[in-house]
Structures are given as structure tokens and as C-alpha cells.
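Contents: one structure, followed by commentary.
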């Protein structure tokens, strides 16, 4: 009866050992091996170790040649058993209770690391079909990609074209909203588009939502933040909204005064020709598209901001961030008090008639609470016009994080010298409030100069 | 010292020896994972010292603890199952080779922190002392631990308060890869311990009869209220510090020289010359131990894993 | 109920004395607890009453006597180990982490460690960097031990006995700054719960979560804010492990704003853990990010003006609450 | 256009621009700019409403004639019946 043979396998020589390199055999086929004899030298990641054989036997066949790396448990040589049969069953036959990674035989494919396996999964490549070209037959990333490439070239074409990268400049900031504000907005049925944020970076907070709430739905058990003593009757929605708008503006203006070192410039502009020009234009335009005088100043500011970019943008993290487009902030006073400041995006590209229509539409929707959220943010420079209310001169407060604000007074009749002759002209006082961190007087003056000159040639407004 | 008793000592040492050899194989076959520190060569210390203790006298051990656990009577299949990480293990599979526990047998476990067990042993001794008991708490530790601050603090405190503690120092001449002379200015550890004011003397750790005799004398002193005793048991490990140690810091000649005084062979030769042991007896012993070992491995292989749902059990006590 | 005038120190001493009388397995062990009467005079007079066997002065060997405390607990005693201050506890960290906290789980449920360790914590008396640590947050990281911080006279009197009844190790951190605090204490207090946080001051607009020495500072901040119509709810954690999530979340879901005040350093601190739990479990109730007021991340400087600058102050807490209410910035 | 028709037209137009104004209680002398606080945009929208509802294009030259509520009603009444 032929002697029983058993395999001498690559031993585990440490907790974190997955594979070992056979360096040297200390025995050759035919040699007699006693239990515990040192039969080979193996190299692990940590050290070169002598390896013993736990069973007596005669070496039959060397399976793995020196210099080869094999996983733990891989057979290295076979021996013919010798000695008492009562010997405990050879280790190899004892079924591993827990199949460890190393023990599971891979087909002919070489060993592959976890990263390779994850890449294969991603590209849908069956590793066992891949021929490894790395050292010791290891599969490399290139092998996997090549296998994925050969398999389905069409797949690559079908992949959707990469979306054009977002413009390097910061896209107009979309309003953030605190989680509770969002939840309350849903509960109270408030359209977030109508809400102006007062939190950090324009974020919408719960007070802002409460302010915008038309009919305050019965809030959950939480007591109302503005809980009044029982004697005062509950203010109606409009008053409450005005109150919130007041608070919004109050906070913004307080921050502006606290943080922004304003400097102020003033000029007086002759708008007689411009007024005459729009009066003629209005005779042809439908009533709904009539150009209001205020539109003149918006158009002039847009042109000036376009030509003096240093005043068109944001002051953030202690440096000035110019804006690629001119978005005009237009403060609109709400009936019953309060102020809301929507923005006309890309105003520089709009001729006067078109800009006038946009302004009327925006202001009307602002008064009736039908603005979209995006229209409430992104203003790069603001124009405040108090001419309506008989104020001749207004030094405005800049809206953070913008760096400039143009103030327009009432159009009045004044004695005025034109080409040496004295006459009565329609004039308006235009001011600039600017952030001294971002610009100096000279830059501010240039903006007012461009603004004034563009008003004197209405035909190219 | 009856022949029957010597045969029992031999049986204990053989059990430990065969158990450790089998562990080495099972580790190579990835059945046992983590760290594994084998006791081959030091069997006389565990057998001799624990032989002198009563079953209810506490033992605090280290990470080279299989011999201590088996000598104290922790069932071999409970220890093997623990090495396999099965819930039938003596620590429910959670401790592994370095953390064997058996509360019923007052085996307060291995400790993977060198010197970490010393203060615990002092505490156990303190508890007994406060209740007027001179029950001996034995603390095993290596020569490496003698360099730890905790050794100094513990021996001083136990001696200061005259606590019933047996400090059993297994000096196997190496702290992992550092030879004794390269980690201690004073290598005579018994002499050094004596400076704390407690009885301390060296013992030939390869001769189980000498070990048992010394342990007996130490325990009598302690039980009589004489306070702690320090034994320096000079011994040697025939294998590397752990399965992961290339063991190149010891030259082969030194290992061979210590192998000449293999504690198992020493006792076998002594018993043969005294006519207390013939080949038949030895074979019978070997077979008996081999069968116990096969049963232990089969039990461990079949042992269930602890359900994952129990992961957080016993982080805190379960309120009854 | 009849109340007595007492100090935090005396309340803790009464608690220890009470425990020694009730259970003969209880004994006190630590540096200078006996003859010297305790570094902070907490154990004054106990040696004379209970003798050196149960009031044990130890050598300066934190690892050994804390380890011995663990061993004695394994051996059936109910030790109270006093580590003079949290600053020296690091010498015994191995015994606390690798033995006290771990033995029960590692032994598969066999070995209980019914041990109480007391130590002072916190800064505020110009003791400089090595004597001013506030590391209870470290210990609250470790599963297997309980961490409690008595901030009131009642807790100082009642927490110890509850801790001694617990089969698992309990670490009691006593803010050193509170020892001299005087006040009225219900004379009948013996045992208080150590699982729950407590609302020390109800409020509506924001929740301030704190413990230990900064409880007083937080209550003062709340008073100041009340003057501006902002009603702040102040919660005393009392236990850092386990954290009483229920009480915290009930409050934050009502006020929608949270400020955590912690004398530890902010990185990887208990305040970071609390903030994470609030964000994980009450995210949709938050109207502002959770704010944290912690010590400056510096070794505590010796001069008073720098120590004050480093420690959480009332003004810092007021500012943090303002930020959550939203001042537009 | 009859006075009543003119009043009805003015009420409808004003509700678009100043919903909070209760037309029936407004005396004829109510100034659009001062009392009702219509700004130039509100006024322009009112004129647009009146033009569209009456079918008559109201030119900027006539704006001075539309200072009070009464003015508007009289102005509207003066127009012949709507050509719509």
C-alpha cells in the first residue's frame, strides 16, 4: 500500500501576513524530514524566517521554486508520510472552519489587491478572465482597463458628454436656508421665493419665514417667538410681515454700518435731454411699457458699473471678488412699510426700453409678493431712488456684501449754465456710497463721471 | 514526594508542552490568529508554582499564560476554543490567547500590558488582608516587567502593607528581543527585589521539583502572615517570543545549551533513574495527552461563534 | 423639608462618611487622604473616626493604588479611590482603560469591577498648565466606565452612594473651584440618580448645555440674556457617559438653537460629541449651527488675565447665544 | 361715460395698485401721491389700468389732471363711452 502523502504549505507567520516568498529550500526530494525540522526559508513583509515542518516524512516533489511569492496556505511541496499513523490528521486536510481570503483558490489569474478588485467591479470586469502583467502575475490597473476597454468600446461613446465645467467665477449665490426654517415654511405654506434671508451669507432663518407667512398656520406646540402678553390682540399678517421686513433691513443695515468703512461722493446731472427723449419714446410705446424716469438712472448705473468693474462685486474673506455681470439691486418699498431689494440680472446688456420694462415688472411683483427666490439675491450694485418722495439728496447705506450704492434724488428745475448761457434745466443729485476697503475715491469718481456722461447722451442709453 | 505526585507533575508539563506545539501548527494554518506567545521550555514554573497553591487562591498572569491556565485546571477545550475565538472559550471567545479568564477558578486572566497585572494582584491581596484572610494571590510576570514603573510601585505597596502576594518572576532572560543584560543595570533580579524589604531568592526554573519546593516555602511564609515574597524563577523559552518573531537576537548555541535542561526531559530522566517511570508509562501518558488534545481541537472547531447581536453585552453589567 | 447650610466639600465628606458607616466593604484610599485629611480637606476627620485600615494613605504610586483598587473590587470590596487631581490620573490611565473599563467585557461577563474613583478637575486658581486640566471628556470616550460630574450641593451629597451601588466602575469628577461654594442643602438627601441631565433653568429661545464649573457661568449668562428678552434654557448634564440624549433633544427641538459650554479643549471634546448627536438626531429642528464655547486650545497659562482669557467666560456664552438667535452676521 | 361707470372703473383699477385702500370711504379730495402714498411706479401702473379698462390711452401730458381720486373720476367721466 503506497505511503500516504501530505502537502507542506506556506505557513501563516504573523497576524497581518497574506502571502510569502519562498527564498530557499533546505531539503531536496528524497530527504528524510523529522517533526519540527527546519525545511525552508521564507520572506515576509517583515523578515526572513526559517520554516519548520510539523510532520515527519520523506520529501517527494518540490512544487514552488525559490523566488516565487504565494499566498498563505498554498502547497509548497509534497512529502510521503512516515511514522505512527495515530499522528493527528495532516493539517491541510482539516477543513478550514472559516474560509479566509488567502485560502480561496483563484483560477489562473494572479493575485489582485482590493483597489484592483474595486476598479474591476466599477468597470464590470471579471478578474478571473484577466491576465496579470504585474510582478508575480499580479493584475495591474492597466490590465483591468484594457479588459474593460476591449469588452465594450461602445459603452465609452454612450457615456453622457461631461457637463461643461461651472464657470470659474462663483455662480450667483443661491439662498441657504436653516433646516427648521425650511420645515416651518412647508408647515405654514410659505413660498420660499418670497423670503429675504437675514442669516449669515443671506441664509433664510425662521424669523424670515415667519415674516413671510401670510396666514400663520397653527404652529406645533412650540410657543410663538414674538409671543405678546395676552392683552395685545394678535397683529394681522401684513403688519407682521412689515415687522419682519423691518427686522431684516435693520440687521442688514446694522451689519453694514458696523463692518463697511463708507466713503461718499456727490454730483449733479443735467437730465433735461434724457427726459425729453423718453417723453418722445413714451408717445409711441404702449402705456404698460412707458419708460419711467427712474429707469434712466438704472441704465446709466449699469453702463458705469460695467466700465468701472472695481465697484461691481462682493467683499468676502477680506478681499474683493469682482462679478462677471452687473446685477442691479432695486430697493422697493412695500405698501404698509418695509423694504425688499430684488435684483435685475445682467442689466448691462439691456437697452433702456427693455430695462425699464424689466424694472416695472420686478418692482410690481415685489410689491405683491410674487418674486422668485433667485431674484432676491445676487445683486452686485444697488441703486436707491428717493426722488419720488421729494428727497433731493440721499447718501445710502451699502448692502453687504456689495461694495457700492448709487443714490438718486428728485429731479428738480434749476438755473443752469449751458454753453455760457443761463437757462432752466432739469437736474438730479446723484451720490455714490462706496466701501473704502474695496476702492478709493478716484475709482468712485470715475463711476459717477461715466454715469453722468451717459445720461447726457440719451440716444445711446 | 511520592512517585504518584511526580507522575502528576510530568502529566501537567506534558499537557502544556503538547498543547503549545499544537498551537504553533494551528497558527501556521491560520486557525489561531492575532498574537501567540508559547510557553515551551518554561513548563516547570507553572506546574511547580501553581502546584503549591490551593484551588481558591487567585492567580494573575501575563500574555504567555497557556501553561498557567492549564496548570490551574482551566479545561483544555475551553482554552483551545478561546484560541479559536469561539463562544465556548473560557472568555466567551472575546479574549483570545492573551486574555484567558476563569472566575470560578480564580484565574484573573492574562494581561497584554507588560506589568499591567501587578497592581491587580496587590489589590486582590489587599481585599483578602482587609478581611483578615492570608489567602495567597500569585502574580506571574516576566523579567521585562521588572523594568516597568508598575513593578516598583506594586512591590513597594504590597510590602509596605504586608499583603499576601507571591511575586513569581519568570526570568526567561529575554524581554522580547532584548537580552536581560541590555535592559537591567542589576541583572540579579532577586537581589534587586530584596531591596524592597521582602524575602526574595532565585530558583532553578527548569527543575520542577526545585520550583515546587521553593513555592511551597514562599506560600507558607505568606499564609503565616509574613507578607509578600518574591521568587526569581530562572528559565528559558525554546521558541521565539511570538509566532511573528524571527528570533535572530539569540544565537543557536545558547538555545541548544538550555535545551539540554529541558524541564520535561529532566523529570523523565530523574523518575527513570528512581525507577518510577518506564517506557510503557510514558507512552500511556503521551497517548492520554494526545487524545485530550484531539478532543480539544475538535471541540474548538465545532464551537459556535458568539452572535454579533451580543457585541455590546457586558460593556456594562446587565441589570438583573 | 429641613435644609442645612453647608459647602460642596462638606457635602462630599458627609457622603463618604455615610458610605463608610453603611457598608464595611467600603474604604477610602489615596494620597494624603488620612493623616493630612485630604489635599482639599474633603476627608478631614475620617482617619480619626474609621482608622487606618479603611482610610488608607498611599505612596505616590497612582498606577499601583488605582490598580489595587480595581483588584480589591475584584476581590469583593467596595473601594473609593481618590486621585488627587485629574492631572495625575494620566499615570493610572492604563489601569483605568485596560483593566477597569475592559475586564467585564473581555472576560465574557465574568469579572465585575464595582469601584468608585474620585478626582478633582478644572482650572481657575492660577495653578498653570500641569495642574489645570479638564480631561473628563477623555474618560467619557471609554466604554465600560461611567462618568459623572456633581455641580450642585445635592449632587455632591447624593451621587457617591449611587455610584457605590453600581456594579461597574464610576468616575466622579469634582470641579475643584466648587469646593468652597456654600449654600442650602436638603438635609434628607442620601442618594440621587446619575442617569439623567437636569434643566436647571427653563427657557424658550435657546438651549445652553453644560456641566460642572461652567454651570454657574452659564446661568449668569442666561440672566444677562433675559434682560434682553432672550429666554435661555440651561441644562446641567450631570453625566458625561452615558449622555442623557433624551433631555438634550427635548430641549433643542423646542428652542431650535443650542450652545454647548465645556471647559475642555474643543477638538475631540465632549462638546464635539454633543454637537454631533444634536445634528444627527435633531438636524431638521435646528435654526442655526450648534455653537460651542470651550477653553482656548492652549496649555493653561499662569497669569490671571491669560487664564481668564483662556477659560469660557459669561460674555463668550452670551455672544454664542446671540449668534444662534441670529444677528445677521 | 357716466359718473357711476367712472367710479366703478376707478375702484377696480385702484384695487390693483393699492389693495389696502377702501375706495368707498375715500373722499374725492384724496391725493393719490400724498394720502394714498402711491409712488411713481404705483401711479404709472394705475394709469396703465385706467387706460386698459377705459380703452383710452392716457398721455403723460394729462398726468397733472390726475392728482386726486375725484380728478380721476371726472377725467374718466369726460371721456366718451368706452370704444371697447
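To keep things simple, chains are lettered A, B, C and D as they appear, and every chain counts its residues starting from 1.
Everything below uses one rule, namely that a residue touches a chain if its C-beta (ideal position, glycine included) is under 8 Å from a C-beta of that chain, and two chains touch if they have at least 3 such contacts.
A quick note: this is a predicted structure, and the numbers were derived from the prediction, not measured.
Colleague: As a test of whether you follow the contact definition, which chain pair has the most C-beta contact pairs?
Modeller: The largest set of C-beta contacts joins the chains B-C.
Colleague: Specify the chain most distant from subunit C by Cα centroid.
Modeller: Greatest centre separation from subunit C goes to chain D.
Colleague: Taking each chain's centre as the average of its Cα atoms, which is closest to the average over all protein Cα atoms shown?
Modeller: Going by the distance between chain centres and the overall C-alpha centre, it is C.
Colleague: Mind checking the centre-to-centre distance between subunit A and subunit C? Centres are C-alpha means, answer in whole Å.
Modeller: Distance between chain centres: 42 Å.
Colleague: Measuring centre to centre with CA averages, how many angstrom lie between subunit A and subunit B?
Modeller: 62
Colleague: In whole angstrom, how far does the Cα centroid of subunit A sit from the Cα centroid of subunit D?
Modeller: Once rounded, the distance between the two centres reads 50 Å.
Colleague: Quick one: subunit C and subunit D, Cα centre-to-centre, how many Å?
Modeller: 75
Colleague: Would you please name all pairs of chains that touch?
Modeller: Chain pairs that touch: A-B, A-C, A-D, B-C.
Colleague: Help me check something: in the complex, which residues belonging to subunit C touch subunit A?
Modeller: It is residues 204-205, 254, 256, 283-288, 326-329 of subunit C that touch subunit A.
Colleague: Quick one: which bits of subunit D touch subunit A in the complex? Just the residue numbers, please.
Modeller: Listed in rising order, the residues are 18-20, 37, 39-42, 44-45, 47-48, 51-52, 57-60.
Colleague: Residues of subunit C touching subunit B in their complex?
Modeller: Touching subunit B from subunit C are residues 27, 53-54, 56, 58-59, 61, 63-77, 94-95, 98-99, 103-112, 143-144, 146, 166-168.
Colleague: Please name which positions on subunit B make contact with subunit A in the complex.
Modeller: Interface residues on subunit B, with respect to subunit A: 21-22, 24-31, 33-35, 84, 243-244, 246, 248, 287, 290, 293-294, 297, 301.
Colleague: Could you pull out which subunit A residues touch subunit D in their complex?
Modeller: Where subunit A meets subunit D, its residues are 238, 279, 282-283, 287-288, 290, 292-294, 333, 335-336, 360, 363-364, 367, 387-389.
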